[in-house]
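Both complexes shown next keep subunit A, but they swap its partner, so subunit B is in the first and subunit C is in the second.
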Partner chain A sequence: MISGPYLLLALMEGTVMAAVLALTAVGLSLVFGVMRVVNVAHGEFFMLGAVLAWFVAQAVPGPAWAAFVVALLVAPLIVAALAALADWAVLKRLGYEPEATIVATIGLSYILQQGALSFFGPDARPIEAPFTWRIQFPWFGYSGYKVAVVVAAVVILLAVWLFMNRSRAGLVMRATQIDRDTARAFGINVDRVYALVFAMGAGLAGLAAVLLVPIQQAHYLMGHDPLLLSFIVVIIGGLGSVRGTLIAALVIGLSDGVISFFWSPTLAKILATLFVALVLVFRPQGLFGERA
Partner chain B sequence: MLRLEGIDGGYGAVQVLRGLTFAAAAGQVTCVMGRNGAGKTTMLRAIMGQVRVTAGRILLDGQPIQQLPAHEVPRHGIGYVPQGRRLFGPLSVAENIEVGLMTRHKGAATRERVLDLFPRLRERLDQRSSTLSGGEQQMLAIARALCLEPSVLLLDEPTEGLQPSMIALIRDTVLSLKAMGVAVVLVEQRVDAVLSVADRVAFVTGGTVAETCDASTLTPHSAQFARYVGV
Partner chain C sequence: MTKLSTVNMPSRRSVLAGLAAGGAALTVPGLGARFAQAQSSAPIKLGFQLHRTGIGAAYGRWYERTTQAALKLLNEQGGINGRPVEVVFEDDGTDPKRGAEVVEKLTSQAGCDLIFGPLFSHVVIGSAPRAAELKVPYLVCSEGFHVASGKLNRWTLQPGITDVRSQVASMAPWVTQNLGKKVTMIFPDYAFGHDHRDFFTEAVKAQGGEVIAHVAIPPTETSFTRYFPRIPKETEVIYHVMIGPAVLTFCKELGEFYGSGARPQIFGFIDSLEAVDMGAPGLEFLEGTHFWEGHCRNLQADASESEKAYRAAVGVDGNGASVSDARDIATYAHMFSCWETLFLIKNGMEAAGYQGPADRQKFVEAMEAMTAIPEGLQHPQGDKLFNGKTHQVFGHQNISRVEGGKLIRVHRTSIEDGMYPDAVDYTAQSF
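Let's look at the complex of A and B:
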């Protein structure tokens, strides 16, 4: 039976899930929106963020919070740099041709996954949360770190929005997204923009993973669920629509949290997939996407 | 001075330009006329580096530019108003102008000069550009290119689908640019529009310039218009 405190707890879990999902999916949406590249390796960039965070945290001596802060700063940057390298070495050489880049990013995902297995091993490994204080409700206590994850995700998403809509670099990205030939006719180095966007998308996935890893442990196969859910969110929200992605992340995250809590995580995934199928049938451009 | 010497080029395996030679001088309006598919737009796109040039040279003030990446070409002072305007539709008028200004790192003074030329745009700076009227969109497309303070301006059928008052405004703008010493290359299909602004007219057919005339030697009934344009 669904009672008030349980529902509150489920909604809070769902909000944490939605926050991490929004960060991950916005990266995927950004890459598709600007580059028209469906990045199948996005989940592995997420995994890489968590795995690198573990390595960084192990290497930093001192208190847990210091190791976490260094991991939070360094791991997403390394992920972004690797993504920029992949863009230069693979995607650019394929001329960003849509079908070819799908196949290439599938290959890239296996390389990243097997690389993580080789260097990180098959075990799940935790990172200590930077703090352990709890928020005490009348019915239960709740992790203060999880609340901090939600706040951090909101701040990062706001920063992404400001970057895209209020900075010159964001204007250049939006112009490239709209018409890359005309962008070139106004001095925009489209190849450089693509490298930056691909790095930024992967970096956001890496950042989401670092935030999540004190809750969920790092593992070389952990990229599957974020990839699936990110695609679900991006398709429902509308490919390339950041606003739609955020709203869909909230809906899917909350529903996943509540359904997983009261029934089962499998049922939550089944319902989300069914919802995607309905969206694809009745509104293929997504709820907030524009018809091509 | 812009000069094309024996240009071959096209899209993939399809060759469109065949040994095309063309010149545009500073302070002159050089019109380009020809039937659909003759290669006029491809010629402009080749100058902008958007079409692969397989032979020949494109010289800007004597310096070859045909090997430059497409995004480097406008930084050398070549402004482009493409066919169909190709505005960044979801962006505002102000943002479209900002993109133009960024090309050659121009600032507020250039922005003010351009907006003085098109005061109607100043009233609509925050408006999404795709919601402007056709004439206003063309103004914005020209304004965006003028933000480069170009020494060469390429205009691809800027009067297409516009009402007479707007055509007159564009003609006046072209003439004032000419007076400022800009080399204007104008692709245009309408004979009256060409004769009202052109110093020279190049007739393109089969991907090459078949004939170039002083505009003063042409009348609306000249044989070249029937031969190369079909009017």
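Let's look at the complex of A and C:
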């Protein structure tokens, strides 16, 4: 049996996973919370972030860290702009009807995936990490960059929380979330709010992906897993509840890390899916969601 | 999407040869008059089942280039039986379900005479039954033991590349004698990986060594660190073979896991780094480790003339990269199989006097009659021995050591090292 220091490694891997997951899922949760749109294309926005990061990093001359920083700033913005465009061109025209938007975002996901296949190609491409510092424990080594990803994710999530709770734009979003019609009656431009939320949700997924690319490489099929895991996290946490999403991401990430190490990654996935099923049966609104 | 590879127009010589052959056929009594039309100089159409997209895309890109280069040479040399040859490439997305559809499409819609080229074993296993139903020869380049095990059928052959069982059996003695006797295996958790697991474990045991742990990783996995604690501390040799788009991540994370601490010897299949630059950041730890290579990626000091000519024809430089883009690394250890298979098709069709789809059975029988395959421009990887009963070819394997970021061959097995008793006699099965 594996023991001792490897529990530390398991927890570290779990934390990295939880950080990326939280960043990805919070976008999905935000979009559902405010717009009541189940965005099936969320995983493809994640993929798009990674793919665009590769293009940006290629185009920027100079050291690896400079290219990475530019990619980190530019790629999520392009993803967000594309998402705003999709909102305007597709979702708005469907009147944000729940069933129609699900089908529309499924279609959108195919368009994005095949677009990436056409322009980026079928290969996995790496981006160099901004630094190669490694933490050397007595029992194993660990990538310093992965630790940096966790720190970055915490900072970004904190910024999202501040934005939602302390800024005027956040207030408007929350008002729209609570009651779309009343918000409109108070002169809030709901269409603009929706475009902004959809862009922000996709941008967060893109940001998570850029952080992940130096660890995992960009690939046109990489959107599947984040989508599935985000849904798991969001369902457990409660659709629309940002706090629930964060807690669920931490639980799923850490338990996946520990279960993967001591038993098997497949078992971790089985248990996570089982957990989702149980939540849906006994507490359909999620652990932290409010009853609709 | 179908991409027709437009072949050079038949040269005057090949047309004349075709006419001559047609004329000769006319003189055969009873046959010529009736099949004069079939004896045309119309192109022979070969279907190529290509992993252009999906997890096998890196292989697909180079399999297509290699086949195009082989096709060019083949047509320059007069084609098959004096007829020009066309190859129809069809993408299967490295997906077994689509694989079976591609076999169907190439046979029924594109009207191909036979199909060759697929690599990934789950795709081959998923597609081969359809080939048998359609009674179309299916020549795979997959390394899997599924051909020689008897699992597939009489229409499926693997004449271009040695199977995993033979590869690992031939190298196990070198590994146990030079690197260590306590081995931990890391492999993808599907058919191809299971061949490695079953036969390398068996071969190491025969050498007095032991495989002390098996670490199976799902082929679609993207994160690997969590698997490495399963490697027992007393491991002397790590044996790794990984496939798919995440191979670079796998190797980097293995390097990070050991870091600057003590680590076991490492012996890998180059599959874990096919199409990946050995100089990529994070791979420095591979210096001094060993790899299996079907065909040496770096041009070796003692390379044969045919090896050099082949390398030039497929557009690969001395470092195993594309001559037009140094970052585009070839799947050099495997892609020779497409080249060699195409020339074996030529020889098989000519031996069978192949005229058209009605002669497909004759073609398979002609292939089964093959034995020794000499080294040369048609077979730059080396000489081989084909076993008609098991439909499997046997060849030499290379073990290379990473020195200064280059793969330098330190051992080449003999064909006999990889022989094993027949598990099937396909020739006794009906068509």
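Rule of thumb we're sticking to: the second predicted complex is superposed on the first by the 291 of 292 C-alpha atoms of A that agree within 3 Å, B and C clash if a C-alpha of one lies under 4 Å from a C-alpha of the other, contacts with A are read in each partner's own complex, and residues count from 1 in each chain.
Here is the rule we go by: a residue touches a chain if its C-beta (ideal position, glycine included) is under 8 Å from a C-beta of that chain, and two chains touch if they have at least 3 such contacts.
What you are looking at is a predicted structure, and each value in this text was computed from that prediction instead of being measured.
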Subunit C versus subunit B on the shared subunit A, clash or fit after superposition: fit
Partner chain in contact with A:172 - subunit B first, subunit C second, else both or neither: first
Subunit B versus subunit C as contact partner of A:78, first or second or both or neither: neither
Partner chain(s) touched by A:190 [first = subunit B, second = subunit C, both, neither]: first
First (subunit B), second (subunit C), both or neither touched by A:287: neither
Touching partner for A:182 - first (subunit B), second (subunit C), both, neither: first
Contact breadth on subunit A, by residue count: subunit C or subunit B: C
Centroid geometry (CA): angle subunit B/subunit A/subunit C, rounded to a multiple of 10 degrees: 150
First, second, both or neither for A:100, with subunit B first and subunit C second: neither
First (subunit B), second (subunit C), both or neither touched by A:132: second
Partner chain(s) touched by A:6 [first = subunit B, second = subunit C, both, neither]: second
Subunit B and subunit C, minimum CA distance [Å, superposed model]: 41
Common interface residues of subunit A - those touching subunit B in one complex and subunit C in the other: none
Subunit A contact footprint on subunit C (complex, rising order): 52-55, 57-58, 60-61, 218, 221-223, 225-230, 245-246, 248-249, 253, 256-261, 275, 280-282
Of all residues in subunit A, those that touch subunit C in their complex: 2, 6, 9-10, 13, 17, 64, 117, 121-124, 126, 128-129, 132, 134, 136, 138-143, 215-217, 219, 221-222, 225, 257, 260-261, 265-266
Complex interface listing, subunit A residues touching subunit B: 168, 171-172, 174-175, 178-179, 181-190
For the subunit B and subunit A complex, residues of the former touching the latter: 48-50, 69-75, 80, 82, 86, 88-91, 95, 98-100, 102-104, 144, 148
